[in-house]
Amino acid sequence: MLDADIQLRLSRLNLDTAFTVASGEVLALLGPNGSGKSTTLRALVGLLPLAGGRIVLDGTVLDDPAQRVKIPPEQRPISLMFQDYLLFPHLSAIENVAFGLRAKGIDKKAARDKASETMARLGLDGLAEAKPGSMSGGQQQRVAMARALVTDPKLLLLDEPLAALDVSTKTDVRRLLREVLRESVAANVLVTHDLLDAVALGDRMVVIENGGIVQTGTPAEVTARPRSRYVADLVGVNLLRGTARGTVLELDGGGQLIGAEPATGPVLVVIAPAGVSVSRQRPEGREQNTWPGQISAVDLMGDRVRVRMDGTPSITGEVPPAAVDELKLDHGGELWASVDPAAITVYPP
Amino acid sequence: MGAGRRPEAFRSSAQAGLRSPRAPRGRHAALLTVVCAAVVALLLAACSSSSSGSSSGSSSASGKPSGTLVVFAATSLTDAFNKIGAQFEKANPGVTVKFNYNGSSSLATSINQGAPADVFASAAPANMKTVTDAGDAAGTPQIFTRNTAEIMVESGNPKHIESVKDLADDKIKVAVCAPEVPCGALAQEVFKNAGVTVKPVSEETNVGGVVTKVTLGEVDAGIVYVTDVKENEAKASGVTIPADQNAITDYPIVQIKHAPNATAAKAFISYVLGPDGQKVLTSFGFMPPE
Amino acid sequence: MDDQKQPFNPLLALLAALAALFFVFPLIGLLTGAPWGRMTSVITSKSSLDALGLSIVASLASTVIALLFGFPLAWLLARGRFRGKGVVRGLTTLPMVLPPVVGGIALLLAYGRRGFIGEPLDKATGISLPFTLAGVIVAESFVAMPFFVITVESGLRSMNRRLEDAARSLGAKRWTVFRRVTLPLIWPSLAAGTVLTWARALGEFGATITFAGNLPGVTQTMPLAIYISQSSGRLDEAIALSLVLVVVSLVVMIFRRRIAGGD
């Protein structure tokens, strides 16, 4: 089990995060670029000095600046799978995989045997003597995975494992990774900016923004109730903040909505785009939940079109593709948004 | 929401970037010009260095020397010939004398390889012989001065060296010229006459190298010419070699065959052999020819 | 790898051909001027064998010194953080631009018998560098080591250091990281640097003759022997010895690729 409390002072970022991961569990670290997720991994590996906090793995203190304890990276039972794999270009695939075992002092034959076994498990038969330069992206990724797994680490760290793959390879590898993680007895931390990875692979999620944790929970919890614009954007819903008095919602940025469920106090307001309709003129007979704005973006999402409107508040609505032509949406201009109260979800922040 | 596209994005942006076509001919032409310029410059430099020898050596029928005169002379003649050269230029306005000082064997080799010298002054007949044997001399060489050896030691003679025999001591570091060089051959003769075996620590390629090693204090003593000791009075001391151990070298001088400036060459040699030249040589410690 | 052949460019080909011939012609000159009849006797004479032996021993020793001292220096220049790094780099590469004779004089003033380092050394231990084989090695190291430092520093800079992080994260101790990751990755520049250094040491003349002097069998290396032969009119002997040096150098240069693991 990993108990991590990480405080770092870097030139571009101050990081302050704390989380735990049980053995066999997969914690997904989600966040935008520059939020500090890869930095968290490097701190866990021991490649960065902690400014404060403590890292304890299975009862052993790996890092405690206050007590001046720091176990160097090579002595930590941790494996890190790098975003750009960092396979040794001058070694063959099996030598790459066996590297960690040989570094521990395991003799060449035993190391090769174990490496071979792990490679077979990941579908890398026949590639033992190939050099990384001659392999496809998907193969390189699996070699990097094998290299990280073969040492039976107590903590497995995966830094954007699927980021460098194309869409079709990604699906296959994601499936493989899920199997591998399911069998893993280590604590696993997966860093990603792709919500799908986090949802598909993670048992729990932690959302990091600007060096701090903004939300934790199971993937279902987080996506159902996003607590930050970042997650809301990823999930594809509108997220607003405001104060509720009954069903009246006073929005922080200005404007007012009438919801369906009563509430009191500060709230997060989530509206699915499908519940927002748009028109060129003010809709007849609607007084509430209707306001004007300027079109700022039009996006094709599958078979629906999302329309973003700047106004008080700004909102994203959804229309059928035919509406783009009818309403001449690609010409920009003024628009009216209208929200069905039933589409509004409210919960405490 | 994923990154939204602007409404304009729906319009086709068929503005394919049109690059202005490069002019390949223009680029190659520039390179070609640079290359040609470099080659021409190289050729000009080569031509001018040889032509300055020939064109300025235009000897007028009246026999008055003019132009540039190139004299190859042994290192030991440096100071004396520099003074003679200055006097000669004063006496013959219109003549510029250029000297190349080096070990006589080196100079002889250069001359045989076709170096553009007008006059050769050697520190020993042996090196002159290689020039005459190769047919590069015009006329017979004449002995214009003589020199003899002396032991050069550090200023004040800190190691108290008194004779050639002292040089055989293993604790004394001695430098001489290489045997192929006149001052080296001279040193061998001196050692033979004195009946001693001396193991030098270095065989220099010309006598200047020996002087440097002594004045820098790298060696305790060196065999050089008496003229070198006189020249370096401020930086080093000398120990005389008695006549029965010493040897005398003759210095021959000759005009080079096909000399670019034959007129000036003849005049220079006459000057050296004449009273003015001889006075300068004696003042530097050289001995007059027999 | 790019399979496309370069389209034939006549200007490029012409310039390249001229450059190649520029180097080949002097070699042809050496071959035609050599005294083929007397080659064996000239090459196997005592003075020639002495000179060759001295050259090989001294150049190899200088290369080893360059490796031992030059590698740490290159490492520090590539990875160290300290003030005045540019000055240090400039100073260590100074011998590359100085005329070798200047280097020799400077060495005398520092390590000669009256040099500010050499004098106390001589007085304390009786060790004096000029006129000894050690002096030759010092002179050759002085001019050749900068080539090693420059080449290896460049190799260290261009390697991906994150691969070392990866190795550490896999549990490798620092020495293992160096041995199994860093060294193999910089091997080409290490090998190239070594060969370049050795070649420069082998051909060294000006600093050697000024600092170590010229004595057959003791300090007269091949370049010195060739110069003496040439300057005393024994030109064919000089050519014969030159060809020996050329052959030795060519052999190493041709195998350089193999050693460095190049294409």
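Labels for the chains are A, B and C, by order of writing; each one numbers its residues from 1.
The rule we apply is simple: contacts are C-beta pairs under 8 Å (C-beta built on N, C-alpha and C of every residue); 3 or more make two chains touch, one makes a residue touch a chain.
The structure presented is a predicted model; accordingly, all values stated were derived computationally and were not measured.
Participant: Quick one: which chain's Cα centre is the longest way from chain A's?
Facilitator: B
Participant: In terms of CA centres, which chain lies closest to the overall middle?
Facilitator: Minimum centroid-to-centroid distance belongs to C.
Participant: Centroid from C-alpha atoms only, then distance chain A to chain B, rounded to Å. What do you get?
Facilitator: Chain A and chain B have C-alpha centres separated by 80 Å.
Participant: Hey, how far is the Cα centre of chain B from the one of chain C, in Å?
Facilitator: Distance between chain centres: 29 Å.
Participant: Report, in whole Å, the distance between the mean C-alpha point of chain A and the mean C-alpha point of chain C.
Facilitator: Going by mean C-alpha positions, chain A sits 55 Å from chain C.
Participant: Could you pull out which chain B residues touch chain C in their complex?
Facilitator: Counting only chain B, the residues touching chain C are 28, 31-32, 35, 103, 105-106, 108-109, 112, 130, 173, 175, 178, 180-181, 200-205, 213, 216-218.
Participant: Taking the complex as given, what residues does chain C use to touch chain A?
Facilitator: It comes out as residues 160, 162-163, 165-174, 176, 180-181, 184-185.
Participant: Using the touch rule from the top, collect the residues of chain A that touch chain C in their complex.
Facilitator: For chain A paired with chain C, touching residues are 45, 47, 72-75, 78-80, 82, 84, 86, 88-90, 99-100, 103-104, 147, 151.
Participant: Could you please specify the touching residues of chain C with respect to chain B in the complex?
Facilitator: For this pair, the touching residues of chain C are 11, 15, 108, 112-114, 130-131, 209, 213-216, 218-220, 227-228, 230-233, 235.
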